[in-house]
Amino acid sequence: MEDEPKSDFSCPVPLPARDKVLLGHGSGGKLSAELLREIFLPAFQNPILARLDDQAIVSVDGLRLAFTTDSFVVSPLFFPGGDIGSLAVHGTVNDLAMGGAQPLFLSAAFIIEEGLPMETLRRVVASLREAAASVGVEVVTGDTKVVEKGSGDQLFINTSGLGRVPEGVNFSADQARPGDRVLLSGSIGDHGIAILAEREGLEFESPVVSDSAPLHTLVAAMLEVTRDSIRCLRDPTRGGLSSALNEIAGRSQVGIVIDEQAIPVREEVKGACELLGLDPLYVANEGKLIAIVAPEVAEAVLAAMRAHPLGREAQIIGTVHASNPGVLAMRTVLGTTRLVDMLAGDQLPRIC
Amino acid sequence: MCLAVPGKVLEVEERDGSRVARVEFGGITRLVQLDLVPEARVGDYVITHVGFAISRLDAEEADRTLRILKAMGLLESEERGAP
Amino acid sequence: MKYIDEYRDERIARALVADLARRVTRPWLLMEICGGQTHTLMRYGIDELIPPQITLVHGPGCPVCVTPLEAIDKAIQIASRPEVIFVSYGDMLRVPGSRSDLVQARAAGGDVRVVYSPLEALKIARAHPERQVVFFGIGFETTAPANAMAVLHAQRQGLRNFSMLVSHVLVPPAIRLLLSSPQNRVQGFIAPGHVCTVMGYREYEALSREFHVPIVVGGFEPVDLLEAISLLVAQLEEGRAETENQYARSVTREGNLQAQAIMERVFEVCDRKWRGIGLIPRSGLRLRPEFAAHDAEKVFQLEELTAEEPAECLSAQVLQGLKKPTDCPAFGRRCTPAMPLGAPMVSAEGACAAYYLYRRQAVAP
């Protein structure tokens, strides 16, 4: 069999047409990257956008500002540990914080489906206000649109944020260097599993609450230790830890090796993942960050993270290497090494 | 094929004419149908596939083989001089 | 988690590997039937741990991969109807039919929903009496009893708007086909532990005798698989050919008789086409005629579909263990999970996807 001519092996199944946007295009995986690369980047090409970080860093009259925007389409609107209102603040604040910025101002735009109970809207707005107040940012501009019933799923929110980047802070996903350490602020998968537990068709009872939280004070605590030895920060939201680290490996053209046993995963999250056939490495987080830091400051930064309430379970989970540029690999519990790829689209619960 | 996971039966009840259990999987719980494993009792581990228990895990058998395997593991690490 | 974590213990795994290295004196070619086992082997890199004399090839045990094109085309046809809510296990959504998949059917306006259990499809049917709810009943013997129970529940609850599109397959006829092939190189099989949980392993004992081939019923965790490999190698080295049960914490010789009775009541054996392999006699299950009211093939007037399987697709040889996924020139280039050319690249436990996900490149630091 070994010498069978290779020319016989063709897969004549036609390539699936991509004439419509699929849900997977919004998953934060490879399909999302494809959309970005093929539609958005060519249209808006500029050096600031080309950095592809979670926020744009712009200079205005010598002042360095971080600017970002994010849309929130979470279903259900209310979930254990949060709701779309608080999430809309935390998501955008965290995108600013990952640039090292102190968040200053937010905008909030509401796209409301006709028929949404007024009480629901009140609750969401109150939650958004409280979240903003506790972060210390103000919502200084906004917008409201109402769409016909059936044209939206109850309520979508977009927030944009503006923050100030301190002197000497210059984080970007293309700055990881061989020898750097990979730090993770706590357990992964909590947000995704909390949401999944509420979804129609899956139905399990879980004590898991979303980790949705603003990370700017944790980042500030890390900046107390060092400004110039932190290469890059990321919050592993959609697509999970794997997507975030794959992006860094790709942008920096380095190899990253993480240690399966060092990555904190709650027992409940593990249980849900076993049951539904999911991998926690791809499950979303809303209150965790990854830091790539120089080896000589890794322990000090780790200590600063652990001293902060949102970083108590922080761990050094991996190392940056020169070999295998662009590749994320993981040392398994058995001591073998395997690739951790980005997923094409959404992770679906499976039975097989 | 066939993802099936062991979980611990916490409660058993009658629902719409069939036996249903609340089963714990590492801290989360889910209702599991006992139509296919009517003999399952509280405290048993059942192997669950698509919301149905398909077997009652034989705990004695599991413990017995694990003991043998663990002994093998210890022996092996001693031979290699590891802890 | 109890009964999972213990079976991922590095020390036990290493001991089993060392034991294996002592035992093996010659090259052996083994096949794990089940895609779940393929997934574990790749995820934990077990194929790299075991002695080089042992080669593992991967079997046809992924129901998603072997579901024929026609069944997927039918599913898409039904899902595209405005009155239908089409309900499926998540696994089937991205499997390409001859022109499209269920994800694209959803993007084109079909109401396609993912559930974890067939009973949740019944719940949807109760909540939407004005819609037709169709469940995609796929899987091996492990899943068949649960799907059969859903049909029985629907009948008992008088749910007239619930039907099932059935494309169940059975494992032993596929093993028989592999063993009967003159091209067969496989010297020992790891039988699928959860299929045997339901069916027992008497059918496999018959195969061991008839073809003089060792078979070990194996579990799904790394330690299970290493132990199963070790038992197979011991048999081969000693010239024995028996069916043994490594997964005794779940599997008995007779299997789950209650589950078998329920399957028997709802389904009957039929011939079935396997994607990439072709027609295998008496290798499928369909609903018995008395359940016609819940049989989507009877409820809907479907166009007769005769999608031709791509005869020269390498997936056929991958599913039969004749080739490794990496032998395919399209692997990882023209064919990736984002752009699958064949079904084994779609399901997480499809052999091609497992290879692609976990070891696409050398990852040694």
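Annotations for the structure displayed:
Lettered A, B and C in written order, each chain numbered from 1.
Convention: contacts are C-beta pairs under 8 Å (C-beta built on N, C-alpha and C of every residue); 3 or more make two chains touch, one makes a residue touch a chain.
Since the structure is predicted, the reported quantities are computational estimates derived from the model, not experimental observations.
Two chain pairs, A-B and A-C, are compared here, and A-C has more C-beta pairs in contact (counted per touch definition above). Among the remaining chains, A is positioned farthest from subunit B, on the basis of C-alpha centroids. Separation between the centroids of subunit B and subunit C, computed from CA atoms only, is 22 Å. Rounded to whole angstrom units, the spacing between the C-alpha centres of subunit A and subunit B is 34.
Centre-to-centre, using mean CA coordinates, subunit A is 33 Å away from subunit C. For subunit B, the set of residues that touch two or more other chains comprises 1-3, 5, 25-26, 49-50.
Residue positions 203, 267, 270-271, 274-275, 277, 350-352 of subunit A are each in touch with at least two other chains.
Contact of a single residue of subunit C with at least two other chains is seen at positions 1, 4, 14, 35-36, 62-63, 89, 116, 120, 139, 143, 349.
Per the touch definition, subunit A reaches subunit B in the complex via residues 197, 203-208, 266-268, 270-272, 274-275, 277, 350-352.
Remark: subunit A residues 1, 6, 8-17, 20-24, 30-31, 34, 200-203, 255, 257, 267, 270-271, 274-277, 321, 323-324, 327, 329, 332-339, 341, 343-345, 348-352 touch subunit C in the complex.
Residues 1, 4, 8, 10, 13-14, 35-36, 42-46, 48-49, 62-64, 87, 89-91, 93-94, 96, 98-101, 103-104, 106-108, 113-116, 120, 124, 139, 143, 183, 185, 222, 310, 312-315, 317, 322-323, 327-330, 334-342, 347-349, 356-365 of subunit C touch subunit A in their complex.
Those residues of subunit C lying in contact with subunit B across their complex are 1-4, 6, 9, 11-12, 14-16, 18-19, 34-36, 61-63, 89, 116-120, 139-140, 142-143, 145-146, 149, 153, 156-157, 192, 194-195, 197-198, 220, 223, 227, 248-251, 256, 258-259, 262, 349.
Considering their complex, residues 1-3, 5, 7, 24-31, 48-50 of subunit B touch subunit A.
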